[in-house]
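All chains are identified by letter, namely A, B and C, in their written order; residue positions are counted from 1 within each chain.
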Amino acid sequence: MMLDIVTSIIEFSSKGNTDIIDVTEKVADKVEESGFSEGNVTVFGVGSTTGISTIEYEPGLVKHDIAEFWQKIAPYGVNYSHNQTWGDDNGASHIRSTTQGSSLTVPFKNGEMILGTWQQIIFVDFDTRPRSRRVVVQVIGKK
Amino acid sequence: MMLDIVTSIIEFSSKGNTDIIDVTEKVADKVEESGFSEGNVTVFGVGSTTGISTIEYEPGLVKHDIAEFWQKIAPYGVNYSHNQTWGDDNGASHIRSTTQGSSLTVPFKNGEMILGTWQQIIFVDFDTRPRSRRVVVQVIGKK
Amino acid sequence: MMLDIVTSIIEFSSKGNTDIIDVTEKVADKVEESGFSEGNVTVFGVGSTTGISTIEYEPGLVKHDIAEFWQKIAPYGVNYSHNQTWGDDNGASHIRSTTQGSSLTVPFKNGEMILGTWQQIIFVDFDTRPRSRRVVVQVIGKK
(Lines give C-alpha, C1' and ligand atoms only; values in the text may rest on other atoms or scores of the structure.)
Protein backbone atom coordinates (compact mmCIF):
# COMPACT_ATOMS: atom_id res chain seq x y z
CA MET A 1 0.00 0.00 0.00
CA MET A 2 3.02 2.30 -0.19
CA LEU A 3 2.97 5.06 -2.80
CA ASP A 4 5.55 4.92 -5.54
CA ILE A 5 6.44 6.95 -8.60
CA VAL A 6 7.28 6.01 -12.19
CA THR A 7 8.66 8.56 -14.69
CA SER A 8 8.62 8.01 -18.47
CA ILE A 9 9.21 10.05 -21.59
CA ILE A 10 7.06 9.65 -24.69
CA GLU A 11 8.44 10.90 -28.00
CA PHE A 12 6.80 11.73 -31.31
CA SER A 13 6.97 14.11 -34.30
CA SER A 14 4.70 17.10 -34.65
CA LYS A 15 3.99 19.46 -37.51
CA GLY A 16 4.02 22.70 -35.49
CA ASN A 17 1.66 25.61 -36.24
CA THR A 18 -0.73 24.66 -33.41
CA ASP A 19 -0.70 20.98 -34.35
CA ILE A 20 -2.85 19.20 -31.75
CA ILE A 21 -1.93 15.60 -30.91
CA ASP A 22 -4.08 13.21 -28.87
CA VAL A 23 -1.79 11.54 -26.29
CA THR A 24 -4.57 10.00 -24.18
CA GLU A 25 -3.79 6.40 -25.11
CA LYS A 26 -0.06 6.79 -24.53
CA VAL A 27 -0.73 8.27 -21.10
CA ALA A 28 -3.25 5.52 -20.29
CA ASP A 29 -0.62 2.93 -21.23
CA LYS A 30 1.82 4.42 -18.70
CA VAL A 31 -0.84 4.34 -15.99
CA GLU A 32 -1.53 0.69 -16.81
CA GLU A 33 2.17 -0.25 -16.92
CA SER A 34 2.68 1.30 -13.45
CA GLY A 35 0.35 -1.31 -11.98
CA PHE A 36 -1.10 1.33 -9.64
CA SER A 37 -4.83 1.28 -8.98
CA GLU A 38 -5.16 4.76 -7.45
CA GLY A 39 -3.13 7.92 -7.99
CA ASN A 40 -2.49 10.59 -10.56
CA VAL A 41 -0.50 11.17 -13.70
CA THR A 42 1.30 14.42 -14.52
CA VAL A 43 1.76 15.17 -18.22
CA PHE A 44 4.43 17.79 -18.89
CA GLY A 45 5.40 19.32 -22.27
CA VAL A 46 9.17 19.77 -22.59
CA GLY A 47 9.96 23.05 -24.36
CA SER A 48 8.75 26.64 -24.26
CA THR A 49 6.49 26.44 -27.33
CA THR A 50 4.44 23.47 -26.11
CA GLY A 51 0.98 23.23 -24.58
CA ILE A 52 -0.79 20.51 -22.62
CA SER A 53 -4.55 20.48 -21.96
CA THR A 54 -7.73 18.50 -22.57
CA ILE A 55 -10.22 18.77 -25.44
CA GLU A 56 -12.97 16.89 -27.24
CA TYR A 57 -10.73 15.53 -29.99
CA GLU A 58 -12.84 16.06 -33.10
CA PRO A 59 -11.69 17.64 -36.40
CA GLY A 60 -13.73 20.86 -36.20
CA LEU A 61 -12.01 21.96 -32.98
CA VAL A 62 -8.66 20.34 -33.62
CA LYS A 63 -8.15 21.35 -37.26
CA HIS A 64 -9.93 24.72 -37.30
CA ASP A 65 -11.43 26.38 -34.21
CA ILE A 66 -8.47 26.34 -31.82
CA ALA A 67 -6.06 27.56 -34.52
CA GLU A 68 -8.42 30.38 -35.49
CA PHE A 69 -8.91 31.40 -31.86
CA TRP A 70 -5.17 31.74 -31.25
CA GLN A 71 -4.61 33.41 -34.63
CA LYS A 72 -7.09 36.09 -33.57
CA ILE A 73 -5.57 36.86 -30.15
CA ALA A 74 -1.85 36.00 -30.63
CA PRO A 75 -1.28 35.86 -34.41
CA TYR A 76 1.62 34.19 -36.16
CA GLY A 77 3.39 36.41 -38.71
CA VAL A 78 3.63 39.50 -36.50
CA ASN A 79 6.98 41.09 -35.71
CA TYR A 80 7.14 40.47 -31.95
CA SER A 81 10.00 41.81 -29.82
CA HIS A 82 10.97 38.15 -29.33
CA ASN A 83 11.57 37.84 -33.06
CA GLN A 84 13.91 40.85 -32.98
CA THR A 85 15.93 39.32 -30.14
CA TRP A 86 16.71 36.09 -31.94
CA GLY A 87 15.82 36.53 -35.59
CA ASP A 88 13.08 33.97 -34.83
CA ASP A 89 9.55 34.10 -36.15
CA ASN A 90 7.84 32.34 -33.26
CA GLY A 91 6.92 35.04 -30.73
CA ALA A 92 3.28 33.96 -31.02
CA SER A 93 4.26 30.37 -30.18
CA HIS A 94 5.73 31.47 -26.87
CA ILE A 95 2.79 33.69 -25.94
CA ARG A 96 0.35 30.83 -26.62
CA SER A 97 2.43 28.34 -24.64
CA THR A 98 2.82 30.56 -21.59
CA THR A 99 -0.90 31.39 -21.57
CA GLN A 100 -2.22 27.83 -21.99
CA GLY A 101 0.39 26.10 -19.86
CA SER A 102 2.46 22.94 -20.34
CA SER A 103 1.45 20.82 -17.36
CA LEU A 104 -1.64 18.78 -16.46
CA THR A 105 -2.40 16.38 -13.62
CA VAL A 106 -5.14 13.77 -14.09
CA PRO A 107 -6.36 11.56 -11.20
CA PHE A 108 -7.07 7.85 -11.69
CA LYS A 109 -8.86 5.17 -9.67
CA ASN A 110 -9.33 1.43 -10.33
CA GLY A 111 -6.49 1.85 -12.80
CA GLU A 112 -8.44 4.27 -15.03
CA MET A 113 -8.11 8.00 -15.50
CA ILE A 114 -11.25 9.87 -14.45
CA LEU A 115 -11.89 11.75 -17.71
CA GLY A 116 -15.15 12.83 -19.33
CA THR A 117 -16.45 10.65 -22.16
CA TRP A 118 -15.35 13.19 -24.77
CA GLN A 119 -12.34 14.58 -22.89
CA GLN A 120 -8.95 13.69 -24.38
CA ILE A 121 -5.46 14.71 -23.25
CA ILE A 122 -3.61 16.75 -25.85
CA PHE A 123 -0.13 17.99 -26.64
CA VAL A 124 -0.14 21.20 -28.70
CA ASP A 125 2.88 22.23 -30.74
CA PHE A 126 2.69 26.02 -31.02
CA ASP A 127 6.07 26.32 -32.76
CA THR A 128 6.23 27.45 -36.39
CA ARG A 129 7.96 24.37 -37.80
CA PRO A 130 7.87 20.55 -37.54
CA ARG A 131 9.73 19.25 -34.49
CA SER A 132 10.58 16.09 -32.63
CA ARG A 133 8.92 16.35 -29.20
CA ARG A 134 9.22 14.87 -25.73
CA VAL A 135 6.48 14.72 -23.11
CA VAL A 136 7.06 13.56 -19.54
CA VAL A 137 4.43 11.16 -18.17
CA GLN A 138 4.86 10.68 -14.44
CA VAL A 139 2.62 8.36 -12.45
CA ILE A 140 2.28 8.54 -8.65
CA GLY A 141 0.09 5.99 -6.93
CA LYS A 142 -0.39 2.77 -5.01
CA LYS A 143 -1.30 -0.77 -6.00
CA MET B 1 4.81 9.24 8.20
CA MET B 2 4.04 7.29 5.01
CA LEU B 3 2.33 9.20 2.20
CA ASP B 4 -1.12 8.07 1.21
CA ILE B 5 -3.77 9.11 -1.29
CA VAL B 6 -7.53 9.63 -1.04
CA THR B 7 -9.71 10.17 -4.13
CA SER B 8 -13.24 11.62 -3.96
CA ILE B 9 -15.83 12.96 -6.37
CA ILE B 10 -17.94 16.02 -5.58
CA GLU B 11 -21.15 16.52 -7.52
CA PHE B 12 -23.35 19.56 -8.08
CA SER B 13 -25.57 21.30 -10.62
CA SER B 14 -24.38 24.23 -12.71
CA LYS B 15 -26.19 26.68 -14.95
CA GLY B 16 -23.65 26.67 -17.79
CA ASN B 17 -22.82 29.82 -19.80
CA THR B 18 -19.61 30.45 -17.84
CA ASP B 19 -21.29 29.84 -14.49
CA ILE B 20 -18.55 30.14 -11.85
CA ILE B 21 -18.93 28.01 -8.71
CA ASP B 22 -16.85 28.39 -5.55
CA VAL B 23 -15.71 24.89 -4.51
CA THR B 24 -13.14 25.99 -1.91
CA GLU B 25 -15.07 24.75 1.09
CA LYS B 26 -15.82 21.35 -0.47
CA VAL B 27 -12.14 20.91 -1.30
CA ALA B 28 -11.11 22.02 2.20
CA ASP B 29 -13.51 19.43 3.65
CA LYS B 30 -11.77 16.66 1.69
CA VAL B 31 -8.37 17.82 2.92
CA GLU B 32 -9.66 17.77 6.48
CA GLU B 33 -11.34 14.35 6.10
CA SER B 34 -8.04 12.89 4.82
CA GLY B 35 -6.45 13.58 8.19
CA PHE B 36 -3.20 14.59 6.41
CA SER B 37 -1.26 17.54 7.78
CA GLU B 38 1.03 18.12 4.78
CA GLY B 39 0.50 17.43 1.09
CA ASN B 40 -1.46 18.67 -1.88
CA VAL B 41 -4.89 18.40 -3.39
CA THR B 42 -5.56 18.05 -7.12
CA VAL B 43 -8.91 19.41 -8.33
CA PHE B 44 -9.91 18.07 -11.76
CA GLY B 45 -12.96 19.04 -13.81
CA VAL B 46 -14.53 16.04 -15.56
CA GLY B 47 -15.66 16.97 -19.07
CA SER B 48 -14.35 18.95 -22.03
CA THR B 49 -16.35 22.14 -21.36
CA THR B 50 -15.16 22.61 -17.76
CA GLY B 51 -12.56 24.91 -16.23
CA ILE B 52 -10.75 24.89 -12.89
CA SER B 53 -8.80 27.86 -11.54
CA THR B 54 -8.63 30.37 -8.67
CA ILE B 55 -10.26 33.80 -8.36
CA GLU B 56 -11.29 36.43 -5.86
CA TYR B 57 -14.89 35.28 -5.59
CA GLU B 58 -16.82 38.55 -5.68
CA PRO B 59 -19.86 39.34 -7.86
CA GLY B 60 -18.21 41.89 -10.16
CA LEU B 61 -15.69 39.36 -11.48
CA VAL B 62 -17.86 36.27 -11.15
CA LYS B 63 -21.10 37.62 -12.63
CA HIS B 64 -19.74 40.09 -15.18
CA ASP B 65 -16.04 40.55 -15.94
CA ILE B 66 -14.97 36.96 -16.66
CA ALA B 67 -18.01 36.32 -18.87
CA GLU B 68 -17.39 39.55 -20.82
CA PHE B 69 -13.71 38.72 -21.27
CA TRP B 70 -14.44 35.32 -22.79
CA GLN B 71 -17.32 36.68 -24.86
CA LYS B 72 -14.87 39.13 -26.43
CA ILE B 73 -12.17 36.57 -27.33
CA ALA B 74 -14.14 33.31 -27.83
CA PRO B 75 -17.79 34.35 -28.23
CA TYR B 76 -20.82 32.12 -27.83
CA GLY B 77 -23.26 32.25 -30.75
CA VAL B 78 -20.66 31.96 -33.50
CA ASN B 79 -20.82 29.14 -36.05
CA TYR B 80 -17.60 27.27 -35.15
CA SER B 81 -16.43 24.25 -37.17
CA HIS B 82 -17.17 22.22 -34.02
CA ASN B 83 -20.83 23.17 -34.31
CA GLN B 84 -20.93 21.93 -37.90
CA THR B 85 -19.44 18.56 -36.88
CA TRP B 86 -22.07 17.77 -34.28
CA GLY B 87 -24.94 20.20 -34.75
CA ASP B 88 -23.84 21.55 -31.36
CA ASP B 89 -23.73 25.21 -30.42
CA ASN B 90 -20.89 25.01 -27.92
CA GLY B 91 -17.65 25.49 -29.88
CA ALA B 92 -16.83 28.48 -27.68
CA SER B 93 -17.23 26.32 -24.55
CA HIS B 94 -14.52 23.94 -25.76
CA ILE B 95 -12.11 26.71 -26.77
CA ARG B 96 -12.48 28.35 -23.34
CA SER B 97 -12.01 25.04 -21.50
CA THR B 98 -8.88 24.03 -23.43
CA THR B 99 -7.33 27.47 -22.95
CA GLN B 100 -8.01 27.83 -19.23
CA GLY B 101 -7.45 24.20 -18.28
CA SER B 102 -9.35 21.78 -16.04
CA SER B 103 -6.75 20.84 -13.43
CA LEU B 104 -5.27 22.61 -10.39
CA THR B 105 -2.96 21.43 -7.62
CA VAL B 106 -2.97 23.30 -4.29
CA PRO B 107 -0.40 22.55 -1.53
CA PHE B 108 -1.41 22.37 2.13
CA LYS B 109 0.46 22.36 5.43
CA ASN B 110 -0.79 22.04 9.02
CA GLY B 111 -3.98 20.71 7.45
CA GLU B 112 -4.73 24.00 5.63
CA MET B 113 -4.44 24.91 1.97
CA ILE B 114 -1.93 27.70 1.36
CA LEU B 115 -4.23 30.12 -0.49
CA GLY B 116 -4.25 33.92 -0.56
CA THR B 117 -6.84 35.66 1.65
CA TRP B 118 -9.02 36.46 -1.37
CA GLN B 119 -8.12 33.44 -3.48
CA GLN B 120 -10.89 30.89 -3.94
CA ILE B 121 -10.92 27.65 -5.95
CA ILE B 122 -13.49 27.68 -8.74
CA PHE B 123 -15.19 25.32 -11.14
CA VAL B 124 -16.33 27.05 -14.35
CA ASP B 125 -19.05 25.55 -16.52
CA PHE B 126 -18.38 26.85 -20.04
CA ASP B 127 -21.13 24.73 -21.62
CA THR B 128 -24.20 26.41 -23.09
CA ARG B 129 -26.80 24.64 -20.91
CA PRO B 130 -27.38 23.61 -17.29
CA ARG B 131 -25.60 20.38 -16.40
CA SER B 132 -24.94 18.01 -13.54
CA ARG B 133 -21.19 18.09 -12.90
CA ARG B 134 -18.48 15.98 -11.28
CA VAL B 135 -15.14 17.24 -9.97
CA VAL B 136 -12.38 14.91 -8.74
CA VAL B 137 -10.73 15.98 -5.47
CA GLN B 138 -7.64 13.94 -4.81
CA VAL B 139 -5.53 14.42 -1.69
CA ILE B 140 -1.93 13.18 -1.38
CA GLY B 141 -0.16 13.67 1.92
CA LYS B 142 1.05 12.42 5.26
CA LYS B 143 -0.32 12.66 8.80
CA MET C 1 12.56 4.16 -1.25
CA MET C 2 9.51 5.60 0.50
CA LEU C 3 8.02 8.76 -0.98
CA ASP C 4 8.11 11.87 1.16
CA ILE C 5 7.06 15.51 0.82
CA VAL C 6 8.78 18.80 1.64
CA THR C 7 6.91 22.14 1.57
CA SER C 8 8.67 25.52 1.40
CA ILE C 9 7.72 29.13 0.78
CA ILE C 10 9.90 31.44 -1.30
CA GLU C 11 9.44 35.19 -0.88
CA PHE C 12 10.41 38.15 -3.05
CA SER C 13 9.30 41.61 -4.16
CA SER C 14 7.63 42.24 -7.49
CA LYS C 15 6.80 45.39 -9.40
CA GLY C 16 3.31 44.38 -10.52
CA ASN C 17 1.91 45.34 -13.95
CA THR C 18 2.65 41.91 -15.43
CA ASP C 19 6.15 41.80 -13.97
CA ILE C 20 7.62 38.39 -14.92
CA ILE C 21 10.11 36.85 -12.49
CA ASP C 22 12.29 33.82 -13.26
CA VAL C 23 12.03 31.46 -10.24
CA THR C 24 13.68 28.43 -11.89
CA GLU C 25 16.82 28.52 -9.78
CA LYS C 26 14.94 28.93 -6.52
CA VAL C 27 12.74 25.96 -7.42
CA ALA C 28 15.78 23.89 -8.46
CA ASP C 29 17.38 24.68 -5.08
CA LYS C 30 14.35 23.24 -3.25
CA VAL C 31 14.47 20.09 -5.38
CA GLU C 32 18.16 19.70 -4.56
CA GLU C 33 17.65 20.39 -0.82
CA SER C 34 14.97 17.68 -0.69
CA GLY C 35 17.59 15.09 -1.56
CA PHE C 36 15.04 13.27 -3.75
CA SER C 37 16.21 11.81 -7.04
CA GLU C 38 12.80 11.23 -8.64
CA GLY C 39 9.49 13.03 -8.18
CA ASN C 40 7.81 16.31 -8.96
CA VAL C 41 7.64 19.86 -7.69
CA THR C 42 4.44 21.90 -7.51
CA VAL C 43 4.87 25.68 -7.77
CA PHE C 44 1.83 27.60 -6.50
CA GLY C 45 1.32 31.39 -6.59
CA VAL C 46 -0.35 32.66 -3.41
CA GLY C 47 -2.90 35.38 -4.24
CA SER C 48 -5.63 35.99 -6.82
CA THR C 49 -3.57 38.31 -9.07
CA THR C 50 -0.65 35.89 -9.57
CA GLY C 51 0.30 33.63 -12.46
CA ILE C 52 2.65 30.66 -12.73
CA SER C 53 3.82 29.19 -16.04
CA THR C 54 6.92 28.52 -18.16
CA ILE C 55 8.56 30.73 -20.78
CA GLU C 56 11.79 31.28 -22.66
CA TYR C 57 13.07 33.99 -20.34
CA GLU C 58 14.45 36.58 -22.78
CA PRO C 59 13.75 40.36 -22.69
CA GLY C 60 11.66 40.57 -25.86
CA LEU C 61 8.98 38.25 -24.48
CA VAL C 62 9.37 39.17 -20.82
CA LYS C 63 9.51 42.96 -21.13
CA HIS C 64 7.26 43.50 -24.15
CA ASP C 65 5.33 40.72 -25.90
CA ILE C 66 3.50 39.13 -22.98
CA ALA C 67 2.47 42.53 -21.58
CA GLU C 68 1.19 43.67 -24.98
CA PHE C 69 -0.73 40.44 -25.50
CA TRP C 70 -2.60 40.79 -22.21
CA GLN C 71 -3.12 44.53 -22.71
CA LYS C 72 -4.89 43.70 -25.97
CA ILE C 73 -7.26 41.04 -24.60
CA ALA C 74 -7.73 42.09 -20.92
CA PRO C 75 -6.52 45.72 -20.71
CA TYR C 76 -5.55 47.57 -17.57
CA GLY C 77 -7.27 50.94 -17.15
CA VAL C 78 -10.77 49.77 -18.02
CA ASN C 79 -13.64 50.21 -15.56
CA TYR C 80 -14.43 46.55 -14.80
CA SER C 81 -17.35 45.55 -12.55
CA HIS C 82 -14.70 44.34 -10.10
CA ASN C 83 -13.39 47.88 -9.79
CA GLN C 84 -16.87 49.13 -8.94
CA THR C 85 -17.25 46.51 -6.17
CA TRP C 86 -14.11 47.51 -4.30
CA GLY C 87 -12.94 50.84 -5.67
CA ASP C 88 -9.98 48.84 -6.99
CA ASP C 89 -8.36 49.31 -10.36
CA ASN C 90 -7.19 45.74 -10.89
CA GLY C 91 -10.05 43.90 -12.60
CA ALA C 92 -7.69 43.06 -15.47
CA SER C 93 -5.21 41.52 -13.01
CA HIS C 94 -7.82 39.05 -11.80
CA ILE C 95 -8.99 38.12 -15.31
CA ARG C 96 -5.40 37.45 -16.38
CA SER C 97 -4.65 35.38 -13.28
CA THR C 98 -7.76 33.20 -13.56
CA THR C 99 -7.11 32.58 -17.26
CA GLN C 100 -3.42 31.72 -17.01
CA GLY C 101 -3.58 29.85 -13.70
CA SER C 102 -1.42 29.91 -10.57
CA SER C 103 -0.21 26.32 -10.33
CA LEU C 104 2.38 24.24 -12.17
CA THR C 105 3.79 20.76 -11.59
CA VAL C 106 7.22 19.89 -13.02
CA PRO C 107 8.60 16.31 -12.92
CA PHE C 108 12.25 15.61 -12.07
CA LYS C 109 14.55 12.60 -12.36
CA ASN C 110 18.17 12.08 -11.31
CA GLY C 111 17.64 15.17 -9.13
CA GLU C 112 16.98 17.47 -12.12
CA MET C 113 13.78 18.99 -13.43
CA ILE C 114 12.94 17.80 -16.95
CA LEU C 115 12.65 21.22 -18.63
CA GLY C 116 13.46 22.29 -22.17
CA THR C 117 16.78 24.07 -22.73
CA TRP C 118 15.04 27.44 -23.03
CA GLN C 119 12.11 26.73 -20.71
CA GLN C 120 12.14 28.65 -17.43
CA ILE C 121 9.60 28.63 -14.59
CA ILE C 122 8.03 32.04 -14.01
CA PHE C 123 5.96 33.89 -11.46
CA VAL C 124 3.86 36.68 -13.01
CA ASP C 125 2.54 39.55 -10.90
CA PHE C 126 -0.58 40.78 -12.68
CA ASP C 127 -1.49 43.26 -9.92
CA THR C 128 -1.31 47.00 -10.61
CA ARG C 129 1.21 47.89 -7.88
CA PRO C 130 4.46 46.58 -6.36
CA ARG C 131 3.89 43.80 -3.83
CA SER C 132 5.69 41.40 -1.58
CA ARG C 133 4.92 37.88 -2.85
CA ARG C 134 4.92 34.30 -1.62
CA VAL C 135 5.17 31.20 -3.79
CA VAL C 136 4.77 27.66 -2.43
CA VAL C 137 7.36 25.16 -3.66
CA GLN C 138 6.36 21.62 -2.73
CA VAL C 139 8.53 18.63 -3.60
CA ILE C 140 7.21 15.03 -3.62
CA GLY C 141 9.67 12.26 -4.34
CA LYS C 142 11.95 9.48 -3.29
CA LYS C 143 15.70 9.25 -2.70
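One rule holds for everything that comes next: a residue touches a chain if its C-beta (ideal position, glycine included) is under 8 Å from a C-beta of that chain, and two chains touch if they have at least 3 such contacts.
If you're wondering where the values come from, they're calculated on a predicted model, not measured in any experiment.
Although subunit A and subunit B share one sequence, what matters here is the overlap of their interface residues, and that overlap falls short of half of the numbers used.
Superposition on CA atoms relates subunit B and subunit C by a rotation of 120 degrees, given as a multiple of 5. Rounded to whole angstrom units, the spacing between the C-alpha centres of subunit A and subunit B is 19.
In subunit C, the residues touching two or more other chains are 2-3, 73, 99, 101, 105, 140.
For subunit B in complex with subunit C, the touching residues are 1-3, 38-40, 53-56, 58-61, 63-66, 69, 72-73, 99-101, 104-107, 109, 114-116, 118-120, 122, 140-142.
Residues 2-5, 7, 9, 42, 44, 46-48, 50, 73-74, 80-86, 91, 94-95, 97-99, 101-103, 105, 136, 138, 140 of subunit A touch subunit C in their complex.
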